[in-house]
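Below, each structure is written out as structure tokens.
Shared chain: chain A. Partners: chain B in the first complex, chain C in the second.
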Partner chain A sequence: MPPSSPDRVIPTLHRASTVALGVCAIIYGILVVNAPLDSEQGVIQKILYIHVPCAMAAYLGFLLTAIGGGLYLWKRDERFDRFAASAAEVGVFFCALVLVTGPIWGRGTWGTWWSWDLRLTVTLLLFLVYLSYLLLRSFTEGTERTARFAAVYGIAGLAVIPLNYFAIDLAGGRSIHPQNLEGGSLGVGMVMPFAMGAVTAIVAFSHLLLGRIDIARLRAQLAEREAEREMRGGDGSPWDI
Partner chain B sequence: MNVFLAVLWKDLLTEWRDRDRLVAMGIFALLVVIVLYFAAAPGVGSEARAPGLLWVAYVFASVLGLNRAFALELENEALSGLALAPADRGWIFLGKAAASLLLLLIIQAGAAAVFALAFDVAIAPVALPFALVAFLGALGLCSVGTLFAAIAVRTTFREVMLPLLLLPLMIPVILGSVRATNALLLEEALPWPAIRLLLVTDAVFLIVSFISFEYVLDD
Partner chain C sequence: MGYLIAAYLIGVGGVLVYAVYILRERRALRTAISQGEESNPG
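Moving on, here comes the complex of A and B:
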């Protein structure tokens, strides 16, 4: 049976994203190496070019998880659930990178590995929400039930982000995170590597997301074929598939 | 609306007949207060820590109670019976949440009394505004708590799953409640930003849970 159109589109896009990622990574690497050193922070400031783009990719992942979940609840199409689950996994990966690079930067500039700063805390909470999301998926039996429960939790998790910002701001958490990005005042020569970092992170996110969606699609196909084989009364050998 | 009252009445009546959930929550809250008393080394800034510790006891007791809220419904497929009720499932959610809320409010009152004695903090003079804060905090806990309890009860690790799902989302509720309780114990006026945070959080959680419950019960 020839593969259906979406079956061909995702692997093709995934291969295309590999090329795009390679090109972006080379340009990004050159720009970061040649970026000027910060007069106060020195070389450790260059972690900005990884840390902030990864945070963008993480938030994008969690936004897409909620959108995928919402679309699943609306259309009841498994593809949206696979999209949401894949976005959550890739989002958690980028969020972990944020939580690793943040303390390294913090140690170098603030003198401390961790601070209960507004954005740090919200990111940590978000990380925990989506880890729980992934745990919920693995602890729920039945594809359809897993998809429904995960969609509801993914949407609730996104709804709480602005509330967390408000809450931690109330607790006085807006203290030592760099403010220069809020003002949009990156130093001379820093804008290009930063922008390229953002583009590279989004391309890397798309690359991983497409790869993960393709794996989920293949797994679903495998499960479907195994179910068909069992219905036909196969002897359990893999050659029956 | 009739479904809301029927579910609320059913849950309260079931609870009244065996009282196991209320007793378990009460003993658990008391134990948490005792453990925190010894863990917190009273006397060294205990007044400043008291609101936070009190809310820790409330949150843990609520998780215990919420975990039981749907456990009974699993017996004899009662949950399927609830799902088959010819009404908007949002009202079923509200009935279950209201029953959990009432139980938690009773536990909150008892635990506050024990806490006031154990930590030597004056809750009685600010009982009314404290009751408002406790109600708003409990509403936040029981709204998404009921939604997640309905999810957690049908997972393989149901006892573990509820706190994992609930606690990361509870920071706005805990922060707002602790801030407001702290101000009350320091004999200050109710802090509006904290109350506003609790009101907004409760509204968001109630709306999300009311709408989402439809999909959680959809088996």
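Moving on, here comes the complex of A and C:
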């Protein structure tokens, strides 16, 4: 039987993204090393080039989880459910990186690893919301009901993203977290390493997502084959009745 | 400088570890599928 379209397209895209990620990582590394030092924070400010791009990738992961969930509810196609679950996993991974790199930066600049600041707290909440999504799925894997519930949960969880983004404004000047980046807020020579950081994070996100979707597809294929084998009368072992 | 190196090691290292896990898992699943096909042709 000739392989179906996703059987060929996803692995090919995954291989292409490996090359793209390698090229981006080299350019990104060169730009970060040569980026100018911040006059106030010094060298530790360069954590910005990994911390914020990871946050962008996490947002993208959760947005795609909601889109995949919405498409699943509309089309009832398992592939959208697998896409949503894969995007959530990669999103949670990048959100974990945000929660690790942020405190390291905080320790170096504020002198503390953690503060129950609104932005930090809502980032932790965002992480826990989608970690719960993954845990709930793992407890009740495979049913159509799980997929439907996960789709609704994934869409509802998206409400935390604007709260997270605007947390600094909502805190009304009481936040110790720096303001969101806006046009012109980066110093001279800092735009290129930051932009390349964002591009590299998105390419890394795509690479991991494609790989994760392929795993989900292969697992479904394997489960289908095993179910077919059982339907045909077991695996031929002497214990089969 | 130590904090900066730690942040980048965790970030880049994390992506690498996750990418390697994905590669190994895909390989294992492909092997399991092809072994199933060999033992049950058709």
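Everything that follows uses one rule, which is that the second predicted complex is superposed on the first by the 213 of 241 C-alpha atoms of A that agree within 3 Å, B and C clash if a C-alpha of one lies under 4 Å from a C-alpha of the other, contacts with A are read in each partner's own complex, and residues count from 1 in each chain.
By definition in this document, a contact is a pair of C-beta atoms (placed from the backbone, for glycine too) under 8 Å apart; a residue touches a chain by one contact, two chains touch by 3 or more.
What you are looking at is a predicted structure, and each value in this text was computed from that prediction instead of being measured.
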Exercise. Name the contact category of A:168: first (chain B only), second (chain C only), both, or neither.
Key: first
Quiz item: Does chain B (first) or chain C (second) touch A:157, or do both, or does neither?
Solution: first
Practice problem: Examine A:84 and indicate which partner it touches, taking first as chain B and second as chain C; both and neither are also allowed. | Solution: neither
Quiz prompt | Partner chain in contact with A:208 - chain B first, chain C second, else both or neither | solution = second
Practice problem: Once the structures are superposed on A, label A:95 by its partner contacts, choosing first (chain B), second (chain C), both or neither. | Solution: neither
Quiz item: If you stack the two complexes on chain A, which partner ends up touching A:135: first (chain B), second (chain C), both, or neither?
Solution: first
Quiz item: Can you list the chain B residues touching chain A in their complex?
Solution: 144, 147-148, 151, 154-157, 161, 164-165, 168-169, 171-172, 175-176, 179, 193-194, 197, 200-201, 204, 208-209, 212, 215-216, 218-219
Self-check item: Contacting residues of chain C [partner chain A, same complex]
Solution: 1, 3-4, 6-8, 10-12, 14-15, 18-19, 22-23, 25-26, 29-30, 32-33, 36-37, 40
Quiz item: Can you list the chain A residues touching chain C in their complex?
Solution: 25, 43-44, 46-47, 50-51, 54, 93, 96-97, 100-101, 104-105, 107-108, 204, 207-208, 211-212, 214-215, 218-219, 221-222, 225-226, 229
Quiz item: How about chain A: which of its residues touch chain B in the complex?
Solution: 73, 125, 128-129, 132, 135-136, 139-141, 145, 148-149, 151-153, 155-157, 159-160, 163-164, 166-168, 170-171
